[in-house]
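Each of the next two complexes has chain A plus one more chain, namely chain B in the first and chain C in the second.
After this line comes the complex of A and B, so read on.
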């Protein structure tokens, strides 16, 4: 991922970003959709990419940056291989989410390429505690279930 | 003979293994000599029983649950043999007490039909409201909604009819219907269940709203935490369009209406209506000053009808069955049915749709059957992270807009989060400030700075430093946030803090009488 990008592949990338913008008729109001799609394609939104998007949607780079920095979903750097997002909403807290978050963070602290993040409500409040593992939602994560799920996806 | 088996495809059910169970059923069906049809439905909302597997029998649908993947084989054999003696067999699903005691109006189809089968939808009463609306004068649709007594289900409970009349009265080249599906409150999941389980109902409601107020464009703002709902809605829109119920000529009429889905990006404050409109315009989700209200100047400065998912999902029923039938349900100024959501530390968590009128105790004890941990009940938070806590003594309060407001609490989006006696309310008060600090849009000072200072003060209280002075300062701060914040984010954060302090002073290390001099309660604002 960190390798220098050759000109031809950066042109391909540029073309793809422009295609994503065109998908939304280059509408500035669709910026959030564009950013989601770009992030899905590349894992994060680089500064060069932000420039391309700003040009295509005819808005300033500051506006693109402002939106990226406002919303928690967007990344400007590559994510590690495995992302665990543990819900810290009140419903999940009532079923021990704080302990789960602390224990999971501690359990993976020496493992590279795993990040543990807090989120606020995944809408799975009747099946608390809940978390997502690489985007997949899990419920009833009492006891060691989450760590065995993490082991399964990282082995 | 054909055997119909139903397994939810709802993301809650899938989070506890419904897909794995379904995959096994598919394999077992291949090996069976019987012809098996598997239908993926929404969830019935009996989440403690998920994955809940049902089989069609001459008497009705028989349910089994919670079915773990390793139980799939034995449950499958029991279903084919008609063996109701299986340990996971729950009998007829309609007879399960939790469901039997409900009055499912909005959620009548959720969990029973294939969410993306338009024929299934129509066979169960779908599109009747829209067909009737197409034959009704727009002004009469608006009046039907007003007469029904429908109030916004997002949180503030504002009368829907007034919004509709205001938008309808505006002269504008473009008007919008915006559905707020940014269901960020912890303890709520009804919008998600409906979007995943019966998306056509929401689309039908929005289309009727468009006809009534003269809008041709609808947008649904779905939080990014709900990818399954987004996908289902997009597919449902395409199906409705292909069938001619959306597009240039809705149902063959001269009316045009179309709907677009837009994703949020992980911001709680975007559930506030003006922040949502900013986000829909592709901007940072910062709240706007009011006035002007969105009904006059909303999305792109145009008249905009903003409603929660469940408000719009009530519309087809009101139009199809008549305002009187809807108005006949409920109590006082809280009409119709409300989708309550039981969550957190509760034995039987899930969706309870009933006419207004039952008490908090009915919900927690009769439906929820007490705490999941089996430890004593301590409190419940009503209406999400900005809602008040209630204790044992308040459980006989009716769950309607007025009674809760009088008790210093709020209904919000109908979420009830239960806590057992293991919870430390000082920590929950600290968390309320912390959450506000994390999610504040930053536009106004009381919310942006007040939340940080509030968290710091609560940390001092918890550490036992300057306790009296810190609590006095917190009370003062709460008043500033209530009176000075631009929206409910900062304005209502004091509600959980003050209620926790008032009801559980011992958790704050203070004597009960020291909390009497709290600021006044604010009434819900915004949507």
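After this line comes the complex of A and C, so read on.
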């Protein structure tokens, strides 16, 4: 029944999270802003952190989880490695995004810490097909260009 | 009664001006704001729906309830479309049929087709709607990505003992999520993910229902239109085949339920929307914790024994009654009529309580009758009668929906009165201000979406000082309601009171130190209370169970009158009654100085009316109160007692004093479901009936008389009123009734406030709030409208006097007691259910500072000692506590909480001072002496002779 003894580092982190919530007057309506700031500071939002946020904003854990899980961009565990997001909006689709997605997925399938995801419109239609690589936008990704970009960042 | 289901109108009822429209050519008139769906339901146009239900606001997500409206474009959803004058609606057409079928095909393409083996087969809205829509084929097939086949289905969440969550059957209509929000107010559920990946989720990703914030109220299960959230009992046993409408036997909220059964086995309890106390809502106790009624520990055969150390001998009813009567009569012969008496139970029906007090007054021949309300709400009866003229709360529960400021003092509604707490929380979320006066930071002070505007964490025992300070602020800052006082209250007593509260000693500044709260906080909270349009006071045993319990009740009455907060909706002084029938047992003449209806035994006219009806001379001498019974027993002058459904050896303070008194008696008769703690000291055990076997009425905290109907025969063969009648007859006073309805007729005949009450009228009306008189034939939701029952409101001077129970170097902490959500009172019922999963032992809550000083860590075993005794519990470090104050519950017998509590009591009513005991806490690795003795007694006093 003994609760885990909190270490000083976890106490410091707790204080930082509470400060972030305080920045927004602990308003429940500021949940998304708080989540962005926490992720910015720690790279991801752990369950322990989610509990702290729920307590500070006086909302339920379920509400925090509901919002975090709705958005792909919020992460609940450690650094994701390399993230490739390939646009599957109409313009990119017509320029071969489907094939690009399949080829890229296949190309990295045996490599650790690379994830390939689909997104729906990056707003880069003029330069279709488009993708982001660790958040950076790239266009005109026909042929092997995307694979070489991936190779470059994972070198 | 065959299985009954309440109709579902799809969206909530509205109040507004009448609006006329045509639906399928039929003229309909409904209040403004009503949805087209609800209006259509009134003329039997049951528009298909999945995401709508009338306990929740319209959501508009399932897209099945589409209709055509003349002149409007498209096919709007009827749930989110309000009616309009002259509107013409078509509920069925080839176009609508096609649209609905297309949507339903999509639903079914992701739903397992296993209806015949599904727990809700025959009671499934998805099944019903699919049938009504006429889907014959699903064009998309079932082979695609889905949530139900072996590869995709999530495991069923079986963590909650009472219901299961099977995500593969979910249609993500969000009814459960909305019920948790709009009905219960806990918001433990959310939709996880989005799009096709959407899934209902409790708490965080790693959590399941049991570990989440879920309080197991069952609102989500009630709202689910599929088998996703289903009672485990339904899964195990199958669909119920009959139902009986009845009333919950737990707290004083008095929720209406439909017991659904197969044969005599209760499958589930469904809260009924027509029940005015709960309006379709429930808590974990009422909805799920009924298993104790058929628990193997139930004793269903009468038993007797010569000495309490003998094994119990099972006997016939006749033998048991003759045994008890002979013993009681011989005590009377030797020591006189004053030497015997009894205690009625607030868990029994009005009719049963009435029969027992009649047995004591008429057959035993004295007024030695008291009730367990002595140890809870006796000060309420005394205080409110003195101030207003009636021993009861002033409002109905719905009144809270009109309150602007809610003052909660000495009550923890989310634990003890959860269904009313939900109503209160919804009001607070809608904008009402909240003041909490409580030494603990209870959930209402801060829990998701609820935050008290003021929390006054007072030192236990200083309620009167706080309330006087509130009155002082109102009186000195020109916040009194002069008009109300002038028209409604006594001039003289008000003038005296005004002079008193204006005295500097009652100012927040003067009391701040005693109370332990800053003067500014007291002042601001007082201003908030006194200046609002409607301020309502809700209180519990944290008010009454003090040496100044009655004074506190009168101080609240003073404050309510002085600020004009009485006599209309949204205001009032509202006791939250602990047990299901505390109000009723008090109404039924359970006090030693009062006949039914709170009329003095010394009043000749009243007594003569009972003497004439009962055909026997009655004593005009007020009898003994419970503490008096114990004292007289130890003095050798009170030797026989009949105890109806109450466990005084666990629930009453200073346990060792209680058990010594019981040991000193010659005849202790206990009537109960189980061999309780008190039964260890009994000579006669008469089996009682559970609420599922009773026929009669309970009266809840809002004076609402609700019918209790038997869903099965008495397991012991006799109704409790029959047992009282038989014992009275054996004692020489023939008492015969043909039914409990006849007893209610007698109550109505002899009690003015019940004049128009009868089982037949209750059956027709559903429920009624007393007074039910010729002037108010359908009852009285709000009391003291226009005039107080006593005429003018009476002010009482409420000087603060500190309790004699003081902290010292030896006992530096104050212990206060209470209860928690999953357990109920002494736990006799809830401990025999799966509710133990939430709370399997009583713990001592202690502030981390106090714990640290004593070297105590969370989870350590500690000894807690008072001047009365000591016991050993587990410590739980909690920042809810104010430093200097510790807290525990009394749900488990071995905890021995009341070994520690003292003999101090309320000056007016002897209600025990449970809430203030000076204690010391220290680490301990062994059980207390009392706990060891208790185990020995348990081993020797409960033996039963083997059956012959």
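Keep in mind that, in the parts below, the second predicted complex is superposed on the first by the 148 of 155 C-alpha atoms of A that agree within 3 Å, B and C clash if a C-alpha of one lies under 4 Å from a C-alpha of the other, contacts with A are read in each partner's own complex, and residues count from 1 in each chain.
By our rule, a residue touches a chain if its C-beta (ideal position, glycine included) is under 8 Å from a C-beta of that chain, and two chains touch if they have at least 3 such contacts.
This structure is a prediction, so every number in the text was calculated from the model and none was measured.
Chemist: Have a look at where A:145 lands relative to chain B and chain C in the superposition and call it first, second, both or neither.
Modeler: neither
Chemist: Contacts for A:14 in the overlay, against chain B (first) and chain C (second): which applies, first, second, both or neither?
Modeler: In the superposition, A:14 touches no partner, neither chain B nor chain C.
Chemist: Could you look at A:95 and tell me whether it touches chain B, chain C, both or neither (first, second, both, neither)?
Modeler: first
Chemist: Regarding the shared-chain residue A:123, is it in contact with chain B (first), chain C (second), both, or neither?
Modeler: So A:123 only meets chain B here.
Chemist: Which partner does A:36 reach: the first (chain B), the second (chain C), both, or neither?
Modeler: In the superposed model, A:36 contacts chain B only, not chain C.
Chemist: According to the contact criterion defined above, which of chain B and chain C contacts more residues of chain A?
Modeler: B
Chemist: Using the superposition on chain A described above, determine whether A:51 touches chain B (first), chain C (second), both, or neither.
Modeler: After superposing on A, A:51 lies in contact with chain C but is clear of chain B.
Chemist: Answer with first, second, both or neither: which of chain B and chain C does A:61 touch in the superposed model?
Modeler: second
Chemist: For A:28, is the partner it touches chain B (first), chain C (second), both, or none of the two (neither)?
Modeler: In the superposition, A:28 touches chain B and chain C alike.
Chemist: After superposition on the shared chain, which partner residues are touched by A:75: those of chain B (first), chain C (second), both, or neither?
Modeler: Neither partner.
Chemist: Residues on chain A in contact with chain B in one complex and with chain C in the other?
Modeler: 28, 63, 66, 70
Chemist: Residues of chain B touching chain A in their complex?
Modeler: Its residues touching chain A are 11-12, 14-16, 47-48, 50, 183-189, 192, 223-227, 262-268, 279-286, 300, 341-346, 349-351, 372, 381, 385, 415, 417-420, 423, 428, 431, 435, 438-439, 441.
Chemist: Chain A touches which residues of chain C in the complex?
Modeler: 186-194, 201-207, 212-213, 446-451, 857-859, 874, 877
Chemist: Of all residues in chain A, which touch chain B in the complex?
Modeler: 27-33, 35-36, 57, 63, 66-67, 70-74, 87, 89-95, 119-128, 130, 135, 137-140
Chemist: For a test of understanding, state which residues of chain A touch chain C in their complex under the given definition.
Modeler: So the residues of chain A in touch with chain C come to 1-3, 28, 47, 50-51, 54, 58-66, 69-70, 76.
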